[in-house]
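So, here's a batch of structures to check.
Shared chain: chain A. Partners: chain B in the first complex, chain C in the second.
What follows is the complex of A and B.
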């Protein structure tokens, strides 16, 4: 009995001590900085000066760089993760907001909000490699798990465009609700989820038939529908739970991926935008634009367990693999 | 003389490229004003394509969407002078197969157009007239309003002034009919939101030219004289849609007081300085195409044409009845860079929308203000709400 108790404590200590510190890079849209959070201490360990209006942010596949789209500088900056300083740029085309990479990490697909275009960039050559014309104000970008279909959402056209990355053309477009912001595939690729900020819904699309098979709606007790504006979508790697950031509603909805039912609403900071899991899947970090902080959600407990102050208007988060 | 030739400035422009083969081409009409109001400020003089430019940009936006749906859109513009017959213009557009018309016409002309359009099954989008009577006793079942009403503008301003605790107003009203209508709306708003009009003064339009070589000298001494010995007040609220005096008020009042209404802090649907909620993208698209700034009238026309695009993308038809039915239904919403969806009030066909408060350089705030609650939508704290409506749609 006692032994078991002591062993239990020892094990807990061991596990606690093992919690490897990941690094989260948070793009602060207004302060033109990236805050580097250590996920062990939950503290900002460095603030990196970047270009103007940093929003979309992600690691390169080789983990050597964190790429950050600096919309007002019409460029994507490369933060060297060994020095945590900006060491290069990619020619993103005008007003880059969001991007995704090809599965092999060679190409970057960038939504150019001002230009109705998705620009393709060869990362190694640091050069543009083509472009695809899409709808008005392209924003959300997602690659299917098999790498065969690239999704772009266009905010004023209200569509999810299916792009063949080999042919580099739009092969299908699916109408969704107003101002589609973000697209995410379920890990098995069987569903495509698209959030509509102004429409207030998440459309679940069958990527084979290319039709909306269901729309997920949200309702928070005591809150009017207007501020419930879904943006970021993060689905757990086991494909069981989806977390949906509800913008100015200051909540993250937890949705059962199988049933498409909302099972919980978690109160986070103000104007919650994009999010990222720690690689072990234990925590989900949310960028809260208006309260200038990052909420830390314990994924197993479905509870907010910490808050980290960052720069002004945090927009998105990139998380290291290790 | 010849009724048929009354449509003076006759601009017929097909805006879009050739319609997609076998696709749906949606023709939209635009009836605008050939005569523009002269403004006090030279930099606010409306461009010849004020309003129409917004509609043209929305045609582009609709076409970009339409190319994925095999739909295309075109615009035919007619500019009318005050003495022109709107019924003839409607007939002309209807004859060209148009059943959806965006208008920037004075209230009386709009009503004539709407009544003439009824027999042709034409549906109208009022992008220009703010008259409350068009949403009240003179409402029409074939007119949707993307222009805000004066009541909405006044409520948007009043909520902010009350939030600031600037509740004592000196109301200065111009001598023309539209000024008086705006003053009516401001009085209603003051009463609704708990502001007090400490005194009203009329600023008579005595005529004369706006641009003179030594006008400044006179104005600098006239306005302090006009505003002196008023009871204590927090803010001077000017009702001067006719552009006679309001812009002369800021910095020239007898007592140092801010100015709001038709000058200073102005309620509006759009401002070239507005950059929130993705608005910067629309601003830059507009500036790139027209080499000028986007005005509220441009925005109201943009919203009208985008509403058509939004509805057509769902009903895949240009039948006015089908388009209208969708717009009035529960699935319709317009995203128009205001941070929330815009929908249509079913009791008077007014588009619900936030009201910006702009000072000419920045957007100071957006109403509805926090704390002004409503059982259905906070946007319905702006303008004539369902229980107050006098509109019987027919």
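What follows is the complex of A and C.
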């Protein structure tokens, strides 16, 4: 009886431990590497050599690969997650920076910074499947939860382009503040949030009417407005809180999604860029480009609880499902 | 005429090298770096601890704080040694620790911000010299073309002007490499302030 009880506890502890250990892949733009962080020990367990200037990074839906956009090599590399080595490439356009996948995981939509296009890639065939002309310097990419609208932001045109993925054409464009960097839908698809790096705001767009319904502004006590440059946006799966990375302000703003009010600013690392939640929603990891580290935010406590040193100029993070 | 093609190419290169520096940010025409110029740092972007507004320059009155700041601000002191020195100093009651932390951070921020401003001022001075030199090279190349285009051109003059242009270009290129290297220094200083601020806060908590 006792033996069974002890074994039961041991098993529960073991499974509990395993359940929280996710893998975070961090693209280091300057050192041309990807750091693999174990979220149980909060340590870098492997550093993977990749192509030049790795930035956008994400898992494939089947979790077999981590894709990383290597801008200066004009390609997307595929890291095999069973061996943690680069095992193939996908053909993007010139200078790929960021990408998003179709909800079924079959197609990849890639923003190519240098030729004003979004390239569509068939992941299984590892081949291009078309392209959509967008504004100058395309960057942010987001797919609506229902998969019907693809968003691309163009840094120089200052617009969020609404793309019909079936027709492969821009069906609407919404003007936002200067240098839009990133786009994210709320989980229910009712709002589209677009960050403007130079404008210093996040535009909240009604995706049905396709108009900006509110702009969120940021102010940190004792700081001039110029370093406040919003980039990454991550919204909790329950749709209650949004975290906005404020670049060289070194802070992440926590915003109440319902009221659009900032409720807290968290000091993380220097030049905070893109972020990723652990799948259980307990932690948010932030890539800090100048301090060359990743901050770990406890989402419930709204507190930075750990810092992990990675490679040079960490840009973005891909998080495993399990 | 044999120099003309070479110096034309040179002129294009020099102009191209100078142009991005001038165009980067209209507010700072002399700023030569790809990295955007941030004239002043704010403590709010580095420090989450108690306000240092009441500290001012008073940290300099305590020789122990002054010595510690000099030690940890120096680039030759490894970060882990700096962290240990900070932890060894910030001790005592909660109030004592808080006061010490405020003074050490104020000292670090003042010292390293001043160093950063000095480096940035130096970069802009060199950048202005570089632009003046580019203008001189441009004028010399035009003079050379004018002389070469004349019939019965003075070969001795062409030779002297040619070697002067080559020499100026070499200086220009050397300075450009130095500027590129020094452009990273303000960021390195910021990293140091940020790292020390974190270590001070850790010692405090």
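Keep in mind that, in the parts below, the second predicted complex is superposed on the first by the 303 of 322 C-alpha atoms of A that agree within 3 Å, B and C clash if a C-alpha of one lies under 4 Å from a C-alpha of the other, contacts with A are read in each partner's own complex, and residues count from 1 in each chain.
The rule is short, and it goes like this: a contact is a pair of C-beta atoms (placed from the backbone, for glycine too) under 8 Å apart; a residue touches a chain by one contact, two chains touch by 3 or more.
Quantities reported herein were computed from a predicted structural model and do not represent experimental measurements.
Asker: Overlaying the two complexes on chain A, which is it for chain B and chain C: clash or fit?
Answerer: Chain B/chain C on chain A - steric clash.
Asker: Quick check for you: in the superposed arrangement, does A:199 touch first (chain B), second (chain C), both or neither?
Answerer: first
Asker: For the three-chain arrangement built by superposition, which of chain B and chain C touches the greater number of chain A residues?
Answerer: Chain A has more residues touched by B than by the other partner.
Asker: Looking at the overlay, does A:270 come into contact with chain B only (first), chain C only (second), both, or neither?
Answerer: second
Asker: Quick one: is A:249 in contact with chain B, with chain C, with both, or with neither? Answer first, second, both or neither.
Answerer: Once the two structures are laid over each other on A, A:249 reaches chain C alone.
Asker: May I ask you to decide whether A:179 touches chain B, chain C, both, or neither, giving the answer as first, second, both or neither?
Answerer: First partner only, chain B.
Asker: One more residue to check, A:157. First (chain B), second (chain C), both or neither?
Answerer: first
Asker: Determine, under the contact definition given at the top, whether A:224 touches first (chain B), second (chain C), both, or neither.
Answerer: In the superposition, A:224 contacts both chain B and chain C.
Asker: Looking at A:290, would you say it contacts chain B, chain C, both, or neither? Reply first, second, both or neither.
Answerer: second
Asker: Shared contact residues on chain A, chain B side and chain C side combined as an intersection?
Answerer: 224, 226-227, 248
Asker: Within the complex, which stretch of chain A touches chain C?
Answerer: 220-224, 226-227, 248-251, 267, 269-270, 290-292, 307
Asker: Of all residues in chain B, which touch chain A in the complex?
Answerer: 61, 64-65, 68-69, 278, 281, 284-285, 306, 310, 313-314, 333-335, 339-341, 377-379
Asker: Can you tell me which positions in chain A touch chain B when the two form their complex?
Answerer: My answer: residues 95, 113-114, 116, 135-137, 154-159, 161, 170, 173, 175, 177-179, 197-200, 224, 226-227, 229, 248.
Asker: Which residues of chain C touch chain A in their complex?
Answerer: 38, 40, 42-48, 187, 190-191, 194-195, 198
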